[in-house]
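Look at the two complexes coming up: chain A is in both, with chain B in one and chain C in the other.
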Partner chain A sequence: MAGLFLLMLILFMADMLTGSTQMAAPDVLKALFGSGPAGDEIIVMQFRLPKALTAILAGAAMSVSGLLMQTLFRNPLAGPDVMGVSSGAGLGVALTLLTLTPLFTLAEGSILSGWGVILAAWAGAGAVMIIIMAVSVRMRDIMTVLIVGMLLASAISAVVSLMQYFSNEVMLRTYVIWTMGNLGNISYPQIRALALATAAGLAIAFTMVKPLNAILMGETFSRTVGVRMQRTRIVLLASASILAGSVTAFCGPLAFIGVAVPHIARLLFGTSDHRILMPATALAGAVILLLSDIISALPGGGHIIPVNTVTSLIGIPVVLWIILGKTGLGRRF
Partner chain B sequence: MTRSLLLTVTAALILTSCRHAGQHQAARPAPDTAIAGRLTIEREKYYFKVTVSQPWQNSSGIEQVWYLVPRDSIIPAGISEDHTIRIPVRKMICMSTTHIAMMRALGADSLIAGISGSSLIYDSIVREGLRKGTIRDVGYEGSLNKELVVSLEPDLMMAYGVADPSTGNTSRLSGTGVKVFYNADYLEEHPLSRCEWIRLFGLLTGREEKADSIFRSVSGAYRELAARVREDATSRPKVLLGAPWEDVWYVSPSDSYIGRLIEDAGGHYIYSDMTGPNSVPYSVESVFRRAAEADLWINPGAAESLSEIAAGDPRLASLPLFREGKVWNNRRRVTETGGNDYWESAVVRPDMLLRDLVSIIHPELMPGYDQFYYRMLE
Partner chain C sequence: MSKGGIIAETRGLEIGYRRKRVFTVMKNLSLQARRGELVALIGRNGTGKSTLLRTLVGLQPALAGEVMLDGRSLHDTGSSQLPRIVSFVSTEPVAVRNIRVRDVVSLGRFPYTNWIGAQTAADSMAVTAALEATGISGLEERSIDSISDGEKQRTLIARSLAQDTGLLVMDEPTAFLDLPSRYGIVSLLRRLTREKGKCVIYSTHDLDTAINEADRIWLMTGDGVSEGAPEDLMLTGSLARAFESPLLSFSVNDGTFSFVRGRQNTIALEGRGKAAKLTTRALARCGYTIDPDAPSLISICEKGPVTEWKVTDGTGERYYGSLYDLVTGLQDIDQ
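So, the complex of A and B:
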């Protein structure tokens, strides 16, 4: 665990040192401690530092959200988006971008990643969360909740498709770029909000470590050891939604991190015990997203590739590995 | 009655002028042959042959040929009816705002029966026609209302292809009798080549002389001003262009339409080393580095004020040019619903666009000039 933490710190520094423009390591350090030229300082303090901090927060939050969903639904392929939280956030963004056109009548580029889009995404994710909770209170069977969540996600995607169909190219492009995920355009006040939401979500998640372990033993067992299933479900759904919804609001729908990272943590530590798995997943999530961010700037020459393409390319082999049953992870549920 | 009489006279005039031109081709001054665009017009004895090379993006090697034959002539042997347009056209659908601008400049806007994307149109006459129902919005691509297109019975649908149109929805119109012309004006990299497309509209609407005269005077004024700037400007201020989308900044190549305009207006585009057919995504970080040395910023997306830019990405507010307030957008002439004359009439008036840019980049050369398309942000 300490090793993972150390790795996170190393990658954090590496992420600061590498970027889409060339800057020598001593210059980065100077800028970081406020003694470099003003231009360098802006690049480091306004571009690289917020991006690296966002990678840590978003990586940890998405991964833990995925872990909670996998355990709650006892399904190795569950992730933050199975309940439609990401889709809900996407709907909020689509509503702002694609239908409120007079506010964003753009000719070419647009500058719009201000609070409007973030609040819309948050509202969308929150609305979906409330619907899922309402279903969850009425339905005893957790699989029903899963199915309702997935249906809801599909229905929302259809609505978004419809809006895309009727929108113009510029809006479409803006929306598509949003869906590619983005760690790089988040201001410090926004990072503060993301950090608060992540802290709240993680705090709730960490208090649920024991019930989560009990759920793995089956519902009947959980009841006998005094876990109140309905209440536990609601708390877990709330925590997972706050985490995933906030990250999606600030960074767009980050692909695969939520599904893949919990498995990586299980592989690394060879355990299903959430007391270890929870911090391990959070750290591994931060590590992977930092790594993805470093890779996304690799083409050099000022180009970047969208972070989602990188996380998917890391995530897909992991998911394949699970499906092929090589590690038998599925049996741990 | 008067209308049809007028048409007959026009057609007859064209016919005779064709004949004359066929005989004395050299006698007629070529409008402007210095710019090789994608449009080639060849004058044959009884018709015009119009060739569009590379009609859409990444279409090298592809050519589309049309024959413009006067209404009362017989289509010459060996020419397919499918590739023939009878001129002058009486009813047209214009899919792009640039087509509308050219029709308007020629005084041929009454021939427009349909347009696409009513909310993005600036022209007040066309908007009035839309409100009264004399002009209809036929939609675009996936939402193209094919039944409406057919029911309008246009002589021609002036369209544009973003990609190979055979994969798109517009191609489904083949077989309905509607002729679809893929106009490539928006792909022209030189502002004057883009303007030259007005000559096609001149032929189509029987206003050849007028079109040629507009093009000649516009290109003359453009070249004159560009030459004056080359002579008189003592510096080349560095220009930042465009705006980011999230963390991506699509950078226009220097040989693009706007890149040429900046160059001709005596500016030094900060990506002057980048050429190619398409915009390239760069990280905001890397653009920011170059932007730190820029003197002024044009076309910052949809932003209407400096504070809007700062709200979108606070980092941009720390640029020196931003602190000096040297930011101009191309949104002086816009409608409430998003129509922008920059994408409309400016295509026919690159000389005025250049004048705007010279007054921004070299205010000392144009003291007291009030910009037409551009506006300084506050």
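So, the complex of A and C:
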């Protein structure tokens, strides 16, 4: 665990060194402590530091959200993006971006700074989460629930397409860039909001480690050892929605982080005990998103690969490994 | 055995499901179970054994009547109190890989530990005691997916034991187990009632062990539940009635069921001991009953370790070296 934390710090520094403009390490450090040239300082303080901080917050939040969903639905393929929760959050964002923006005639992107967009994303994520929960209570089958999630995501994207059709070019561009996943372009007020929401979501999640361990053993088991399922479900759904919704609001629908990272943490620590698994997942999520961000800046020369491309390339092999693994879908915890 | 106090009781209980309309599975159930008692719930598939057990532990509401646990109505027992009175082992399969046997058993301490599940010395002593009582101390560090089905069942029973309740309810704890593991589990349950004074109520399809080991049987049929010592139910004939079919007949003498054979031939048998017993059994399977006056005679000749069967009838004498050869030979002649 300490090793993972250290790795996160190292990658945090490494992430500060990478970006669309080349900067030497000493210059970055100088800028960070306010003793470099003004130009460097703007790059580091206004772009790289927020970007690295966002990577940590978003990575931890998405991964823990995925962990909560996997245990709650007892489904190794559950995750905010796979089950349409990110799409739900996206719909909330799209509604604010594509409809409210013209009403308030605000400049491109500025509405994103407010809590309005976060609340819209929470509502969207929560709505999808409730639908998925309702389905999974009736349908025990893992594949059924996944398919419902995917259909839901498709339905939502159809609605969003319709909204795009009626929106103007500037709003459309803002929205499309948002869907690619973006850790940069986030202002400090936005980071503060993201940090608060993430902290709240994680805090709620951490209070649930004991019932989460029981839920792993099944619903009947949990109820007979004294887990109040109704209450626990609501709290877990709220926490997962807050975490995934907030990140999606600011960074776009980050692909595959939520579903893949909990498995990486299980593999690293060889346990399903949430007392260890939850902090491990949070740290691993931060590490992997930092790593993805570093990789996305690798081409250099001012080119940046969308971070979603990188997270997909990391996440998809993990998902494939889960599906094709010899122990099968039902026993991957 | 001195009689313990009543720990579980149903009064005019009606069990079933409330969906869009009410589905009653069974009505007017008045049953009892005492401390220190092993109660086997038996009945054919679909009679509602699981429904009764689930209602008993509060997993589904009673449609009418009352469940009394430890002298208190289940209805008035708070959801934080209930896990300290009754524990339940369901048929839910364990779908977790990365969890140690000891961690599973530790979950039995759930009602007693703080918000993060930290164990006190008393908690870990209870866990260790449960592991020992169920005979899986050596496995505590193993992962749940690396042990056998019988050991998994023991782990779940240990969890139930660690929960430290006077009443342990189990839904088919011996299903899917091989014969020695089934006996192992039932004798473990019996030991818990004797040594720890627990009341164990378990449902099973394994009549043999239930009749031989249980103190009390709850026999579920379409008409209701009859209860009593296994022998009571044999005496009244309700056990036979519940399970007999055109293919099965119940023998009161040894408390076992056997197939009803079709066409019966008679044959005489000379011989003693184990060989004679097994010969009778093999003959019975092939539709022969023993009759000293029958025209054909089988004589068993035991020469040291070698056993031979001689068949004498109207056509002469034939010798067979094994029971398999004997019965196939007899069937060939009859055809």
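Operating definition for what follows: the second predicted complex is superposed on the first by the 252 of 333 C-alpha atoms of A that agree within 3 Å, B and C clash if a C-alpha of one lies under 4 Å from a C-alpha of the other, contacts with A are read in each partner's own complex, and residues count from 1 in each chain.
Everything that follows uses one rule, which is that contacts are C-beta pairs under 8 Å (C-beta built on N, C-alpha and C of every residue); 3 or more make two chains touch, one makes a residue touch a chain.
Note that the structure is a prediction, hence the values are computed from the model and not measured.
Undergrad: Looking at the overlay, what does A:214 touch: chain B (first), chain C (second), both, or neither?
TA: Only chain C; A:214 stays clear of chain B.
Undergrad: Taking the superposition as given, does A:270 touch the first partner, chain B, the second, chain C, both, or neither?
TA: The answer is second: A:270 touches chain C but not chain B.
Undergrad: If we overlay the two complexes on their shared chain A, which of chain B and chain C does A:182 touch? Say first, second, both or neither.
TA: First partner only, chain B.
Undergrad: Name the contact category of A:165: first (chain B only), second (chain C only), both, or neither.
TA: first
Undergrad: Of the two partners chain B and chain C, which one touches more residues belonging to chain A?
TA: B
Undergrad: Thinking of the overlay built on chain A, is A:223 touched by chain B (first), by chain C (second), by both, or by neither?
TA: Only chain C; A:223 stays clear of chain B.
Undergrad: Could you look at A:42 and tell me whether it touches chain B, chain C, both or neither (first, second, both, neither)?
TA: first
Undergrad: Shared contact residues on chain A, chain B side and chain C side combined as an intersection?
TA: none
Undergrad: Residue numbers of chain A touching chain B in their complex, please.
TA: It is residues 19-21, 39, 42-43, 46-48, 101-102, 104-114, 165-166, 168-169, 173-174, 177-178, 182-185, 187, 252, 297, 301-304, 306 of chain A that touch chain B.
Undergrad: Which part of chain B faces chain A closely enough to touch in the complex?
TA: Contacts found on chain B: 117, 119-120, 140, 142-143, 162, 242-250, 280-289, 292, 299-303, 308-309, 311-316, 318, 330-331, 334, 336-338, 340, 342-343.
Undergrad: Could you pull out which chain A residues touch chain C in their complex?
TA: 74, 207, 209-210, 213-214, 216-221, 223-228, 266, 270-273, 275, 327, 330-333
Undergrad: Given the complex with chain A, which residues does chain C contribute to the contact?
TA: Counting only chain C, the residues touching chain A are 57, 59, 79-80, 82-83, 86-88, 90, 92-99, 103-104, 107-108, 110-111, 113, 115-117, 145, 163.
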